[in-house]
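What follows is chain A paired twice: with chain B in the first complex and chain C in the second.
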Partner chain A sequence: MEFIRKKIDIIRKPFNKGEKFERFAPAINAFDTFLFVPNHTTKTGSHIRDAVDLKRTMVTVIIALLPALFYGIYNTGYQYFVQTDIDFTFFDAILHGSKKILPMIAVSYAVGLLIEFIFAIYRGHEVNEGYLVTGLLIPMIMPVDIPLWMVAVSVAFAVLIAKEAFGGTGMNILNPALTARAFAFFAYPTYMSGNKVWVSEASGIDGISGETILGYLAAGSNIDYTFTEMFNGSIPGSIAETSTLWIIVGAIILVFTGVASWRIIVGGILGASLVGILFNLWGINPLMQFNWINHLVVGGFAFGIVFMATDPVSASQTQTGKWIYGFLVGVFCILIRVFNPAYPEGVMLAILLMNVFAPTIDHYVIERNIKKRRLRWESSKINLT
Partner chain B sequence: MSVDIKIRKGFNINLNGEANKILSESERSRTYALRPDDFFYLNPKLLVKEGDKVKKGTPLFFSKNNPRIHFVSPVAGEVLAISRGEKRKILELVVSTQNNINDSAIKFKTTNFEKFSEEEIKDLLLKSGTWPFILQRPYGIIAQPEDKPKAIYISTYSTSPLGVDFDFILKNKKDRFQLGLSILSRLTDNLYLTVDSNFPSFYKNIKDATVLKVKGPHPAGNVGVQIHNHKPISPGEKVWTVKPEDVSNIGSLFKNGEFCSERTVAVVGPSVKNPQYFTSTIGASISSILKKIKIDESKECRLINGDVYSGKTTSIDGYLSYSDNLLTIIPEGKKYRMFGWLPFKDNFIPSISKTSFSRFLNKKKLEISTNLNGEERAMVVTGEMEKVFPMDIFPMQLVKACLNNDIERMEELGIYEVVPEDFGLIDFSSSSKIEAQEIIKKGIELIINEES
Partner chain C sequence: MDNKSKPNLFFINKKSEPLLSKKNRALLSDPLDDNNPITVQVLGICSALAITVQLKPALVMTLSVVFVMGASNVIISILRNLIPNRIRIIVQLVVIASLVALVEQVLKAYSYDVYKELSIFIGLIITNCIVMGRLEAFALGNGVWKSFLDGIGNAAGYGIILIIVAFFRELLGSGKLLGFQIVPEFIYGMGYENNGLMLLSPMALITVGVMIWIQRSRNRKLIEEN
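For the complex of A and B:
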């Protein structure tokens, strides 16, 4: 360890304060602090500090994403081989999925981090770790066959417009990863929906049944997947959204470590269940008749509510607000699914919509606190006189 | 047992090096110092110059904002040095005692003080230099003698890390403590004494004050947290606070007729081999306190006047602060740590976060240091401040209002009810390493500037 430290100290010397490349220090710092927690000590305020920092928080989210990602890689291969009737082993599936997905992750990180580094140097602050999560999320919520350049353009749009234009990490209104997906969804609709995009290399093969469950339902036809298949995730869909099982594993990691707000997750499940049950009672089309429990496990709802809605920056920031926000994400997700067949997947738009309204929710929650305080002030004035 | 103030949010950090219940007299200090910076927002005007002979109780400087508030010499001697900083700001006023053995003190007539009017009590407190023991909320500045406070709070419930046991400190001063309470009760209609809900026996026979039992983790011992959860302050209201040992010093003044500058100090911390209590004097030199203390010298240490959350850094050449009962010594943390971002790695570092197992570790296994354990970042994680902030206030929104210098918003969100020390745990637990105490302090300064 001492040896590596000394090496790094030599490499980073030109970037130190007062040296030639001082301006580019954030870039070298990003690598240095990735290896070592720096030797900085407290100057003002509390003399001791918690072991947790933003790096650890973000890495915890990445760890929570890994089960869903691995299953997504497997499922990409699985869907391909099953639909094309080729015999395959577990490793064939993993290999096929990796070939498809790893380049997407690489492109997403390369483009996103490049922009982050440029802005960090330009603005003179350290590189924030938030993009480590965003950069992994973006490929995980894309259809598998999307061309790499579209991933790159979507990433650039999300980081520049959704994040840096608002002032960078911590200031954005919309979830950057979902903004990337929404951009791709509206800019390249033929690559983002339909019955050919969800199975790897499906566009080249005829007679494929690669539509998502929600797509079938929106078209008014019935589906022949069992609940177990839907829950385990061996169904077509965006790369990592399909397996509720592995998403729950991620959710347990996030809630246990306290990184994600359980209030948002529980609120979301309550909201979606409630609306799902109401529609079941109404039941005039296949989407309405679709069992409310199934609504929770198909499509992107589980992934969205666990990994996207809980983004602390774009979600509500007050504890009460988180309940309301989560609940409404659930409600709108099912509403959009059922009432708008053009967008069979409602969770992306539901979360983006609630991202926009999160500050309003917080406003009213805080306003209530302010009002309470004002009332107390008024009554204390009466007592004084 | 009934509890009057119950605090649920907060965290008790488990540190090694709590003071043993041993009280001994510290070595006699040769120099003593008063530091105007020990008081928030104090603007001093000197009354002495270097070389002046002073008695115990001779005024050294007064507050420019209120010339009635005097700060007096804690000992008899000679003004040795007045050190100044930028813009000739007075940093330290050092009094030496070496040439002056007889402790001559300025005496006041306090016979039949029971018959003193409220004004006469205040007058004596001011003239004797005892007044600066009384602080005011909002803002945590020295109280204004012209005010009539809604209430006075005295917190004997100590929850700060390695905090002192006030029952132990007051053990031999119970009469004077009671006398101090009786005096303070003449200045307000509501005198509250807050005590630990588990050990109220010491305060059983207290007169003239309402005893409130407090329960909960740190920061439940912070007097501001107690006030907020008892009867929160509204604009225009003034509430005063006094530290327990200073209540006894006030009692002492009325009993003996001279300024009492006693200060019992616990030397604590993981670097201290024999943590214990010492009787000393306000402003005594740190070196005199440490004469009987063995320090683990294998690591570079930081000396802190006060606790690890809100204390001020001092050094072996420094002096005790005006009001702290703690001298905490912890190792510096100028060390690199590989892959510190991995969850559940380095569990020996105390952590509130559930990404570490440190909560389950025995305190002997925990190692604290002054390392920042990361770098400052934008505020990203929400909800973590609320977990350690037991007030009906939105802490992150208040911090942001202070950063924006938005006075109206600060008022709406409750700036009058907080002082920087209430944000100590937020400083500690923030994953973005936000300097919340500093931000709140600047916010309060802005409001005071605006008002004057």
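For the complex of A and C:
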């Protein structure tokens, strides 16, 4: 440890105050504080400082994302080889998937961090660590075959408009990763929906039809996947959204470490189940008849509710608010899926919508609390006299 | 200076000043930046969203608004001492409406396709908050020449935003400018795609938002204190 510390001190010497590259200090500070927790001490106010600062929190989220990501890499290769009827081993699938997905992750981090560094130097503050997670989330929710430059444009849009315009990490109203996906979804619809984008290299081969399950449903055709397949995730879809199993593993890590709010996750599942059951009872078209349990495991619902809706910045802050927020995300997700077949993926729009309403929910929760306490105080006054 | 005594039909203020004095120039230039109707006062947003998909309608709209605002400011300024205060809104509306009808007929006669494209939004110039706003705030209390400059200036400030937004939306959304292909074919061959979001109206709002962002970080006068 001592050794690494000394090495970093040598590297960062020209960036210190009064030295040549002082302007670019945020860049070196970002790496320094990533490796070592900075030894800030609190000078005023509360003197409690948790060792788990924002960077450590973000790393926890990344660890929680890894199982779903690895499965996504495997599934990319799996779908490709199964659809093209080529014999393959586990390593072939991993290799094919990595070849597709690692460049996307690299582009996402390169573009996003470049913008973050430019803003950090321009504004003279530290680099925001929020991008560590956003940069990994964005490739995970894109179709495999999206061109890399579209990833770059979406990332730039998300970081600039959804984050920096509002003041950087912790200030954003919308979830940046979902903003990137929404941007790509509306800007380049042919690359983001349909039956050719979900399996890698499908557009060149006629035999492949890699429609997602929600896409099949919206088109009114039958689904030949079993529940186990949907749960394990060996189905076409955005890179990391397919495997509910590994998303649950991530969810357990997040909830156990206290990074994500279990209230939002449970609320979302409740909301989606309730609306799903209601539609099952109504059941006038194939979309409504789709079993409510299946709704929870197909598409991006599981991924969205675990990794996107729980984003501590854009979600509700109050405990009651989190229940309401999560519940409504679930409700709107299924509503959009069923009522608007043009947008088979409802969870993206549902979460973005609720992000906008999260402060309003918080406001009314707090107002209610104030009113309740005032009533209690007034009634106690009467008792005293 | 003996031009003080010059008989002048329109100028009510006794002391006359050069036609483009510093103050008058400010009337023209202020709305372009410091006091822009769209990016600072946030007026007239609806038409900025609706007709900026292509550059040509935006240009026609700009010219129409320049004409309507210049002319209506002049007319209201001439009439300002005759209009009873209680019915001034009605008078203003009649003036604007007749000018807009004029623009509409001219467009119908000379460029029917643009007229069809703009259709309702030409008629809606009547309700454009910027036109009414300048009549109320400026023309009712100022001389003819100044009102004219103010009208032209504000219309230009409105138009310049419209044109910038339309420029980016048409270029990025359909690869064209004024209907001519700008993005060359071989770039599409390399995998470039037009940005479909640019054609949807939310992007106009975002473009205007980005312009406000850039303007405010550049122009220190606009930073609000709170």
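Here is the rule we go by: the second predicted complex is superposed on the first by the 360 of 385 C-alpha atoms of A that agree within 3 Å, B and C clash if a C-alpha of one lies under 4 Å from a C-alpha of the other, contacts with A are read in each partner's own complex, and residues count from 1 in each chain.
In this text, a contact is a pair of C-beta atoms (placed from the backbone, for glycine too) under 8 Å apart; a residue touches a chain by one contact, two chains touch by 3 or more.
Small disclaimer: the values here were computed from a predicted structure and weren't measured.
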Touching partner for A:Lys381 - first (chain B), second (chain C), both, neither: first
Touching partner for A:Phe3 - first (chain B), second (chain C), both, neither: neither
First (chain B), second (chain C), both or neither touched by A:Ala187: second
Chain B versus chain C as contact partner of A:Met150, first or second or both or neither: second
Partner chain in contact with A:Asn369 - chain B first, chain C second, else both or neither: first
Which of chain B and chain C A:Thr44 touches, first, second, both or neither: first
Complex interface listing, chain C residues touching chain A: 191-193, 195-198, 200, 206, 209-210, 213
Parts of chain A lying in touch with chain B, wherever the complex brings them together: 1, 4-5, 29, 33-42, 44-60, 63, 126, 128-130, 168-171, 256-259, 261, 312-313, 315, 317-319, 322, 366, 369-370, 372-374, 376-377, 380-381, 384
Partner chain A, residues of chain B touching it in the complex: 232, 234-237, 302, 304, 308-311, 313, 328, 330, 332-343, 346-347, 349-356, 358, 368-383, 386, 392-394, 396-397, 412-414, 424-425, 427-433, 435-438
Touching residues (chain side chain A, partner chain C) in the complex: 147, 149-150, 153, 160-161, 165, 183, 186-191
